[in-house]
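All chains are identified by letter, namely A, B, C, D, E and F, in their written order; residue positions are counted from 1 within each chain.
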Amino acid sequence: MKYIDEFRDGEVAQKIAARIHAEVQPGRRYSFMEFCGGHTHAISRYGVSELLPESVRMIHGPGCPVCVLPIGRIDHAIKAALEHNAIVCTYGDTMRVPASDGLSLIKAKARGGDIRMVYSAADALRIALENPLREVVFFAIGFETTTPPTALVLREAAARKIDNFSVLCCHVLTPSAITHILESPEVRDYGTVPIDGFIGPAHVSIVIGSGPYEHFAEEYRKPVVVAGFEPLDVIQAILMLVRQVNEGRSEVENEFVRAVTTEGNLVAQTLVSDVFELRTTFEWRGLGEVPYSALRIRSAFASYDAEKKFGLAYKPVADNKACECGAILRGVKRPTDCKLFGTVCTPENPMGSCMVSSEGACAAHYSYGRFKDIPVVTA
Amino acid sequence: MCLAIPVRVVEVRPGQQAVIDLAGVRKEISTALVEDVSVGEYVIVHVGYAIGKVDPDEAQRTLEMFNEMEQAQASPPPAAPEQLT
Amino acid sequence: MSGMVKKNYTRPIDFKNGRIDMGHGAGGRSSAQLIEELFVAAFDNEWLRQGNDGASLSLPAGRLVMATDAHVVSPLFFPGGDIGCLSVHGTINDVAMMGATPLYLSASFILEEGFPLAELKRIIESMAAASREAGVPIVTGDTKVVERGKGDGVFISTTGIGVVAPGIDIDGAYARPGDAILVSGHIGSHGVAIMSQRESLAFETEILSDTAALHGLVAAMLAAVPAVHVLRDPTRGGVATTLNEIAKQSGVGMLLDEAAIPVLPQVEAACEFLGLDPLYVANEGKLLAICAEQDAEQLLAAMRAHPLGADAARIGTVIEDAHGFVQMKTRFGGRRVVDWLSGEQLPRIC
Amino acid sequence: MSGMVKKNYTRPIDFKNGRIDMGHGAGGRSSAQLIEELFVAAFDNEWLRQGNDGASLSLPAGRLVMATDAHVVSPLFFPGGDIGCLSVHGTINDVAMMGATPLYLSASFILEEGFPLAELKRIIESMAAASREAGVPIVTGDTKVVERGKGDGVFISTTGIGVVAPGIDIDGAYARPGDAILVSGHIGSHGVAIMSQRESLAFETEILSDTAALHGLVAAMLAAVPAVHVLRDPTRGGVATTLNEIAKQSGVGMLLDEAAIPVLPQVEAACEFLGLDPLYVANEGKLLAICAEQDAEQLLAAMRAHPLGADAARIGTVIEDAHGFVQMKTRFGGRRVVDWLSGEQLPRIC
Amino acid sequence: MKYIDEFRDGEVAQKIAARIHAEVQPGRRYSFMEFCGGHTHAISRYGVSELLPESVRMIHGPGCPVCVLPIGRIDHAIKAALEHNAIVCTYGDTMRVPASDGLSLIKAKARGGDIRMVYSAADALRIALENPLREVVFFAIGFETTTPPTALVLREAAARKIDNFSVLCCHVLTPSAITHILESPEVRDYGTVPIDGFIGPAHVSIVIGSGPYEHFAEEYRKPVVVAGFEPLDVIQAILMLVRQVNEGRSEVENEFVRAVTTEGNLVAQTLVSDVFELRTTFEWRGLGEVPYSALRIRSAFASYDAEKKFGLAYKPVADNKACECGAILRGVKRPTDCKLFGTVCTPENPMGSCMVSSEGACAAHYSYGRFKDIPVVTA
Amino acid sequence: MCLAIPVRVVEVRPGQQAVIDLAGVRKEISTALVEDVSVGEYVIVHVGYAIGKVDPDEAQRTLEMFNEMEQAQASPPPAAPEQLT
């Protein structure tokens, strides 16, 4: 597969790794946060960390749209299905996220909710056309990558007056989340989370460009390397970050230059701002209320806004007390710091959202990295 | 969730649709979010929508950068990544 | 006037436009007619023709093996097969994986009211062909009809019995540290063929389901290496889950080599698209074999000499591990756990 | 840190409030947990505990009998039983009707998403109890989950195998003119018990389903009269349809005596209400036996000596009739045909 | 079962039969029509004819509401289900009656029509209450016995404004059918159907009383004996008819006096005439258009009339040409006179309605009497 | 289709309902079509509705009529059926 296989080459990885090993300065520690779950997943699945020197530590960031979805938003989707008898269409990843009352979308489905996994926002609109007597709600989650398709179907629903269709908009914004982390006391004041640089999002950056990260490099003096999601992209980005640290630079570099430009996809950006506007605040799981961190549907499309259509008022719901998702999403803790990890909390019975998506830090460690927690004797 | 992959456009269809190919797997996708898609180009597809294109020259340069590592030890490396700041 | 009552049922079943109705499952004359004109005609063997509620069979000496599978695949027809041949292969393979020669099958059908008889006929004929080809007759069966909306076209449960030749002893508990892990060919084709037909995923590919009866391959393998330790077909949950099952049964760990695992490029591509891992995708014509290191070469050679094992490969080694982890050296050079499938990777693929 | 990974799945299944979801059928860890914590725990035998895809069994000498039944009964729980014990009895009986001693069962489950685990547990425990009581273990199985609206709670297909002792030769084709026709007890109770629970019919009665495993009764009968010609359990379609099947297989006619057929008054009353004929109502714990006239007395005595045959009766005689009619002398003094069930008398009773 | 078992006593039957044998006059033939399918069924099921002398012949009448339902009416019910997506509730007996295009209600159900068997009209109304978003049509067939329950649910639907409920009214009237037969050329002119008397309906007469038959006795000089549906009732009625013939009487006698009065059930009659009115004409299978032989829903209940609600215009459809149902229902032919009987036409694949209901002449003969067509050798 | 059977009323319930018994089978039926139903009476039930009652004396007389046949040969029979014309 062109543009995929070349970026997974183990031999090349060894070379880049050798470079990192050669260039890290003795006695110095390098802590980098990969913001995106896509990077987290790649690191775990391909075993990238094993190639890194002891002194380089990767911190998983909050860039998994499933993980940051707060319980109250899942509750909305369940309510639409169970109380308003709507067909709720959702990307498969959200199905197992724990919600209130021991429910989740998959459990609500087993209880009779008409909840359907879709591959694309367009499928949800098609389902609305095929079921004119039913309300169809598209549970729209995701970062800037996923927002433009939602904008397209909203615009199409309005143009074609598909009035049994609506969108439960939970789209969130990457830069606000990064700001939030940089502003957090752990990073800013206590230094409990020593972040020496960021690996910037791959696919989000295709849409928004690398421009928005310049602020972080300048304002917070943090190096940023935008990188693709293939393992060579990740390891190369780490090398580039190591070099920036070594050289005292804090710049935005673009490793994913084959797909990411400075300004991003302007068609998509225009469309998104035609259909959506900023929410003044939005709750993220783990981060709490984050100002200007999410989108809502503009009033011109109000009749396609599921929150308005079904009068869904947002109610924050506390996470499981023992679950450390919040701290993990802020980079303060690791999955194995959680007492529930691997015992009470497993992918079959997730207690927190980080154990749900394969991009979640807990799920990634459970599925791919768990063996490191125990001594293994090979025959 | 942000799963997206580079695929080759093999047919451009009316209504901002295109057929793409990935190692023999073909699928219709929407090209409503990118401009001027032509057959032979690689686009990056996410949830059934092309969200961007792959620049073949830049891709080549990145691959070269991975390998040139071997020779050039000093920084800045010979084929430096695009500097944005 | 006696010429008037010619037969028990005179009008043949309308296999062109007819549909299953509740009467076909009520156990009366309509049921009997469906069984006679469709099932007995297609499966065509002495036991079914006898018309008893069971079959009386003769068996060679040896331990008996019994295995069963329910088949609920959707769609019913897919590239490379259909629920009919699948239900024959699936159970034959479970019998073969115990080291037994499959001898007889039973089949039970749960039909949904309204299901087109033409489609049912296609399925039954495919089943009959699969059974004939495998040389394993369907000797007894049962058919029920459920109301529209309480089924999904056709569900088929098959049970197979077979006999283990003396000297053969195969069990999921027999994997030992140091053993070699082999796979009989490219993995993931069945699951991908099914997914390509799902309305919401719908992609085009030339991938066909690998559905096949593996007892011939097993016979060839056991002829070469009677001391095979474990055989298992990696169906639902794929290679990953099946190896985890065996690791658990045997109380061992495993170390796989990702680069050695045969996956067709189209399967890899479809998995990229859907965010899946081929290790978790179902197979219906592949087997995993575990044998002593010193037998590995010979077993692999025997597999490759058989058409269903042409692409066989050694993919890993059994290791000691009290936690029963299946681990993998990634093609990239790292190491990771290959866990059990959690939740559902794909709905209803076998 | 090794204490952290305690088991493969740590939280026990919530059998109080939990429900079946698609993951339970995906073949991964949830499936494995369901099988281990519910099925293996309840059925509790060495074969299931081994965790292979089939069971390896030892058999005594003799011809092997194999029989299968799909169970789709609605409602799942009914007076006197449930789909669980029914699925054990139904297949044991088919094996026993071939004159065989039932030895092993397989079970395949098709579960509907959303089905309450508490109900599943009740069903599995009832199945386990029935299997224990009958002394016939469930040695292998399979479980699939279908989406809500594509199933009906639980469907269970069971297959049984057993061995025929030397000297026993029973077949539906062995009825001969002059033979006596016996029934093991009151007919129609199962069907009436089921119907009493149907929302639209809903009546109260103390009638319980007669569901029972008949192999003990058969053993007693064969001990007394090894030369029994035919045995058959009159399930779907009732006594009328079963006798027509035998008449057709054997190429004979039959003449029944209505007055001799045992029917409980409540069953008769329920049938009056619904316009049904008890001869067409399903039984799940009764058998029909056909033997030579000279053996009839002794066979009847053996039946009556067994608790499941206490109300056994001779209900007719096999006659010569090329048309295979089953006729009946009515209690009223007339004569009429007792035909096959046509269409469906009742939806889904076994 | 009190009032049932005593009326099925074979020994008593022998005595009454002996009486008939003794009283029939040598050389004289007695042809009686049992109007009702209930009597037809009892005669076949209990083997009553075997007890009768050769000279007594029973002719099956058209009194089976399923048998007389013309194709066009079944088509209406199918149309409501398949085209108007209504839930169609029906008494089980109608499910297999052949309709146009090779369909029947059971086949329409298999094709996706939501067709449900009910035991009682009240069940149909309950289904309407449980499915407020669906149209529910009760396919109401039957003679005067079955009409009053339909009237009750129509009245209740109107009172409670259950507006998704409607009735497809195919209720027919017994006396008009008897008149039609007596007026038919076969009976009146040619004498091809020599009817020496009638066994009058049992349960119909509970509702309408025995009064309405007096007209036939007087006007057409035909003896009538109203009789219960148990076999002793039937055989006793035959004896009473033999006696009337022997004595040259033509009176209405009431054998079913334990349940039938002269005036019938006035509560039921009043209710029926409140809700229904006479149709000027109605097609019966076999009899063709019969004037004033059926009921329609009064205009006060028009919104519960499925014919009006769904604009169902009646279109007569010809029966299968080879099917002799018509002649059989008029008493002109017997089942075995039909070439299709028992070969092409069986209860599994009925070609005509008489093979459907167990009260139909063809089905009764097929299921119970077929052995008489062939010589049987007992061992 | 005109299937109707005589059953004994064992309980009268509000809303013109009653519970009837037939050899131990009990069912709720409607009595909206008959007047003054009391416990112990026999009604004739059709599709869930009582459509009439059984008159026990007349039933007795009919049974006697069946049997008196034996003795009395002449017509009119001793217990003649009710003459309506």
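The working rule: a contact is a pair of C-beta atoms (placed from the backbone, for glycine too) under 8 Å apart; a residue touches a chain by one contact, two chains touch by 3 or more.
Predicted model, so just to flag it, every value in this text is computed and none were measured.
Number of steps on the shortest path from chain B to chain F, with steps defined by chain touch: 3. Here the largest set of C-beta contact pairs joins the chains C-D. Once the centre of each chain is set as its mean CA position, chain C and chain F turn out to be 63 Å apart. With each centre defined as the average position of its C-alpha atoms, the distance from chain E to chain F rounds to 21 Å.
For the pair chain D and chain F, the distance between mean C-alpha positions equals 39 Å.
Each chain gets one centre point, the mean of its Cα atoms, and the points for chain A and chain E are 71 Å apart.
Contact with two or more other chains is made by residues 2, 5, 22-23, 28-30, 265, 268-269, 272, 275, 323, 342-343 of chain D.
Within chain F, residues 3, 5, 22-23 each touch two or more of the remaining chains.
Residues of chain A found to touch two or more other chains are 1, 4, 106, 119-120, 123, 346-348, 370, 374. Those chain pairs judged to touch are A-B, A-C, A-D, B-C, C-D, C-E, D-E, D-F, E-F. Looking at the complex, you find that chain D touches chain C at residues 2, 5, 8, 22-23, 25-32, 50-59, 63-72, 94-95, 97-98, 100, 104, 106-110, 139-147, 149-152, 155, 157, 159-161, 164, 171-173, 232-233, 235-237, 241, 245, 248-249, 282, 323-324, 340-348.
Interface residues of chain B, counted against chain C in their complex, comprise 3, 5, 22-27.
Contact residues of chain E toward chain F in the complex are 1-4, 6-7, 12, 15-16, 19, 22-23, 36-38, 64-66, 91, 93, 119-123, 141-143, 145-146, 148-149, 152, 201-204, 206-207, 210-211, 214, 217-218, 225, 229, 232, 236, 239-240, 243, 246-247, 251-255, 257-260, 262, 265, 267-268, 271, 357, 359.
Looking at the complex, you find that chain D touches chain F at residues 202-206, 265-266, 268-270, 272-273, 275. Residues 177-178, 200-201, 253, 255, 265, 268-269, 272, 274-275, 317-321, 323, 325, 327, 330-337, 339, 342-343 of chain C are the ones that touch chain A when the two sit in their complex.
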